[in-house]
Amino acid sequence: MDVVIFRRKLRNGLIFFALVVGAVFMLFPFLWMLFVSLKKTGHGFLLDFAFAKPFFANFKAVWNNPSFPFSRFFLNSLIVATSGAFLTALFCSMGGYVFAKKDFYLKELVFWMMLATLMVPGMMYMVPQFAIVTKLGWINTYKGMIIPHVANVFGLFLLRQHMETIPNSLLDSAKIDGASEWQIFRTIIVPLSLPVITTVFLLTFLFQWTNFLWQLVVNTPDSAKLTLPVGLALFKGQYSTEWTKLMAASAFSIIPIAVLFIAAQRFFIEGLTAGAVKE
Amino acid sequence: MAEVVLNNVSKIYPGGVIGCKDINLHIKDKEFCVLVGPSGCGKSTTLRVIAGLEEITSGELKIGDTVVNNIPAKDRDIAMVFQNYALYPHMKVRENLAFGLKLRKYPPAEIEKRIQETAKILEIDHLLDRRPKALSGGQRQRVALGRAIVRKPKVFLFDEPLSNLDAKLRVQMRVEIKKLHARLQITSIYVTHDQVEAMTMGDKIVVMKDGFIQQIDDPIKIYEKPLTKFVAGFIGSPAMNFISVKITSRNGNFEASEVPSGFVYMLKSEDFPFLRDYDGKEVVMGIRPEDIKDTIFANIKDAENTVPAVVEAEEPMGSENYIHLTTQSSAITMKTAGSNRVKMGDRLNLVFDRNKLHFFDRETDRKIE
Amino acid sequence: MIENRKLRATVTSYLFLAPFLLVFLLFLAWPVIYSFYLSLHKVCWSTDLYNVFSDMKLVWFQNYKQLFKDSHFWWSLIVTAYYALLTIPATIFLGLMLAILLNNKLPGVSLFRSAYFLPNVLDILVVGIIWTFIYSPHYGILQKIFNLLGIQTFAREGILANPRTALPGIAIAMVLRGAGFGMILFLASIQNIPKSVYEAAEIDGAGPWQKLLYVTIPLVKPIILFLVVMGTIASLNAFTEIYAMTQDGGPFAVHFMGEIQGATKLSGYYLFEKWSQMKYGYAAAISYVLLAITLVISIVNARLLRRKQ
Amino acid sequence: MKNRKSKIVFLAVFLATVNFVSCGKPKEKAENGEKKIVVWETYGNEEHSEILKIARQFENKNPGVEVDIQRVPWGGHESKIMTAMITNTAPDIARVDVAFLPRLVKSNSVLELSRFGEINTEDFVPAAIESNIFAKDGEKGIYGLPDQTTGVALFYNKTLFAKYGIKSPPKTWKEFVATAKKLTVDKNGDGKPDQFGFAMHKDLWWTFPFFNTFGVRFLSDDGKKCLLASDAGYEALQLKVDLYQKYKVEAGAWQSGSIDPDTGFLNGVYAMIFSGPWNVKRFRDAELDFGISLIPAGPAGTSTNVGGTNMVIMRRAHYPEICFEFLKYLTSPEIQAQWCQDLGQIPVNLKAEKLMDFSDNKEIKIFLEQMKTAIPRPKVVSYQTLALTVNPYLYAALAGEMSVKKALDTVAKKIETEVLVER
């Protein structure tokens, strides 16, 4: 008996140890980024302890920047990322629902078409997309920054995959209970897929938050809608880059997403496991 | 008035797969009708057609006085209990019950009243604030029932509602559903693959196979006068014994000789006038286990008609005992009193109750009358 | 046979799909179709930049013909495939291992989950830069560790300047960044496996490895497939990590089809090069060939899967 | 609970719609009747405030004119201008990399300037103005004005020089190699040096100083032949290769993923690098004791590469005359002197030199000196294509994968067939 307990303890101890080592390994770039962001100019790559003076000088330089209003860029980023992620999650849920639960004409064709667009490198979309946005007069607008990326095929597939596991009897039952298609979607499908919807929301939020080239292109330089990545790019000069400041800026811009992810992650995992009724 | 009438209803899936075909069924108001058959027989399809979850390919379906072919499920005023209960996992029991009413815009006070009422009937008042996950199987079953009851629909539909419960609970719920039906007096259509459930619950039983109706009758008729070999074999436990025999006319009577062994059963022609058409042909003879007696146990002497058989196994059930035997070329089960015990290899002389013999055409499987 | 119900379902389906489909057709499908049109054209030196799309020259299939002879393109396909082979199995393996470890009841499990997932929120560019610091010769932290172990193989050129290790080096960085995502998916899937299945396996005499091999892996297959698809797409699109970690597509010490090739010049990067030189037509042709290749692979994949089912 | 949830959803939808309704209208062109010109620049923070100051000065001198200075991040500025042109949202004046100019000229995207007024090409740093001059239809024209010019010079670490007893920076390549050897040291005794005499980049642009000091001509006058594969060319590249391969004084900084020369110099592990004026302030801020000297002389004396940016007037500019006036103003001796005095940069206008006080900026004097012998880059339509063609072979030569001769021979042929003619 004792031996069994001892062996279990040993096993758990080993697993724990492995996890700690793994965590250090995987978090290393993250920690290193924070480390670099605190260092003296030019010492970014060295394993010394030459920190900037004052300690948070790099962060200060980023925050009190004369050339771009950090807080406004931050707010713009927040607006773009939030509404972009919200619309993406909504549209993808609606699309995922019909792909999972409906039989309709041209379903296969539309499916393959969507799959095909996933395979094309994003760069190819930029110029045609930009032409459309201009035609629509969406330059310098939030919608110009958001809408073109709202049709997230990947998110749709993710949701479809999940929604397929919702038992049909639930939908039948709701139908008999008197629910319209929209009510079924709203009261059954959405609550039961919420974890995955959250996942899609988070991933799109992340994408929109870090999107640089598109936000740069779709705004004129005097636009009031410029976002954080565009602002951060100003730290990358023509001839040289201030790594320490850049890392400080990156650390800044990561804060909201890191907070969001960690806050949502319990929900995120638990939900993925919950899903449908068993048996 | 909530009769359910199906006239020539068919459901053919794309690709020609038959769901159900030419269903003619008249379920009277307040009747408890059971659709029974093995899996894939079309009983569930029929139910879903009635519910409006499947579209009718052809035919006419009436609920009450209205043809509902093109009326969506939500407007048919029916309620359905699903095999897996289909409780909304993200809603509390209370919300599950209220859902249908809410969607139909009932005033909150009325909803609450009905929930209380239903909860009392089903004794689930203490569960109202739990989520389905936190309920036992039986409790979930009750909530599922409650969700149907609370709406006070014209018709109840049950899709194998008890098959996920353990045996004891199943028996208990069977009775409760019967009681509920007696109390609420709502037309009910109940689908099951379990013939015991069908027999015990149905006012009317519909036996189905391969998408077609085999027989519609009350339980006793179904049992005593099965119209097809399939019905005969499906209803009743243990199942009816079937023996292939060849009929030959001899001395004004019939000889039924077992195939292939040739063992001869003598049959009086006045009892079986309908066998005249089958002179020289093979038919299937059926006899229920309880209609077989043993010369020793029953203490009867009918030397002419004793069938020697060897015991293979026995299933003592307490009150009765099922004995499995083989005659020269058929396996036969008999039901006898629990005290009548045998050993493997015992030789018994069986006596078939000739008034309880059934004959079926080999080609059509239909009863020969 | 046209069914009423299917017709009705079609109408509702498209109503639900409408917002997505509208954006999709306008901003994804149309550009893809347009890319084909583009791939038949050439932006000449004298093309009016104010008017690029109407001033290009129609050259029909010349871009494709040229592409067929382009050793750099063929090489980029090979490297892309290699990169996919390096990253996809490793990401899946690591994700699965982490998920299995985290499936144990241990103190601080949720903390570990966060920790493992966190790298996913980092910008690829930042991750790339940081790994460059780690890998650098002489002064990088990795070389410091190697020094302690007496390994001098990478002392002079580092990891990223060695044509043999450059791409694996990038792959390691990306695998460590991406494994957390796979872990989350695997974890969700593993927690959905009923305990009884493991108990049954245990009774059948399966040890931990057999349980992994015969129970867990077959049951998380959908996730594996999903990650394979995602990994393929990521490999085809790989650009930022290459851009951040090597110059111009890496150490040029590989000879292929009579040309010098960059050891990390993946097709996504090659496409970028052509694009940034304003060779829009050629870039479009590249993306179309890539699209054709991956579509064929996906269709074959889907067929195989369907047959198995 | 339920209510709250729907409120949140409602709020989110509301937020989203508000975004779309309240989207910013594009700015009206002219406010209160002023003539407005839009300038896109790609400067850094200090330069940005400087040019704002200059724009205000210009506005004061020219009533009724508004100069709208807009900042674009350097990364992506070409894509930005390209896409802006397609959609007709391009500015009136753009600051572009010198290498982008040929394409703009070839595609007729920018205006020829001499028709707006006289330009004294002798006033400018020769290499800088040269990058704006193109022959089109047999006629030479000026298609932009340089706003900033750079080239590289030799930076050396004074502390290290003193430590190893080196009195003065090397004047010739021979001295350079000897000096670098002294500065390449294995400090911890593991058999591998951990301080290097020199560190360099591999790219073509950074190789020009080598080619230029050996007198290598890149292209023939008609621009149809590449002359790189010459004895001078071989020698120049051989020297660069030898620094790494033979003398082993170079740190390998040219390789992917290594510590770049700037960073290593800043940390005192690379004793000498080539670098430009943009780093002066940075190194000074880091309290590094460093000196600057001319690029070591080769057979053709000292020389360097040319970088920098030009200001161009876009074809669809609204008030090209005003644009031109502004550019003239920006490049005038006074303004250049002010600009370079404030920022420590090389003036593009040679006349500015006299107006400047170099006492705080001795380095600039050296750069100015260096720029006088700088040789402009070959004017190929796509400098990027050229670089992408050459760089792999420079790499191969440096890595010892390919002999210098073979590398340059191949490169020359490739340039002739792939870069100089349109494919």
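Letters are used for the chains, namely A, B, C and D, taken in the order the chains are written, and counting of residues starts over at 1 for each.
Throughout what follows, a contact is a pair of C-beta atoms (placed from the backbone, for glycine too) under 8 Å apart; a residue touches a chain by one contact, two chains touch by 3 or more.
Keep in mind that this is a model prediction, so the values were computed, not measured.
Separation of subunit A from subunit D in touch steps, taking the shortest path, is 1. Chains A-C form the pair joined by the most contacting C-beta pairs. The greatest centre-to-centre gap from subunit B, using C-alpha centroids, is found for D. Chain centres here are Cα averages; for subunit A and subunit C they lie 17 Å apart. The geometric centre of subunit B is 89 Å away from that of subunit D, both derived from CA atoms. For the pair subunit A and subunit B, the distance between mean C-alpha positions equals 55 Å. If you average the Cα atoms of subunit C and of subunit D, the two centres end up 34 Å apart. Chain contacts: subunit B has no residue touching two or more partner chains. Within subunit D, contacts with two or more other chains are made by residues 79, 86, 259.
With touch defined as above, residues shared between interfaces to two or more other chains in subunit C number as follows: 53, 136, 139. Interface of subunit A with subunit D (complex): residues 40-46, 65-67, 79, 82-83, 86-87, 126-127, 130-131, 134, 137-144, 146, 212-213, 216-217, 220-225, 230, 233-234, 236-240, 243. Of all the residues in subunit B, the ones that touch subunit A in their complex are 48, 51-53, 72-75, 78-80, 82-90, 99-100, 103-104, 132, 147, 151, 164. Of all the residues in subunit D, the ones that touch subunit A in their complex are 12-13, 15-16, 19-20, 23-24, 26-27, 40, 42, 44-45, 48-49, 68, 70-76, 79-80, 83-84, 86-87, 89, 97, 150, 259, 262-263, 266-267, 276, 278-279, 282, 285-286, 307, 309. Of all residues in subunit A, only 167, 169-170, 172-180, 183, 187-188, 191-192, 274, 276-277, 279 touch subunit B in the complex they form. For subunit C in complex with subunit D, the residues that touch the partner chain are 44-53, 66, 132, 135-139, 147, 152, 155-161, 166, 169, 245-248, 250-253, 260-262, 264, 273, 276-278.
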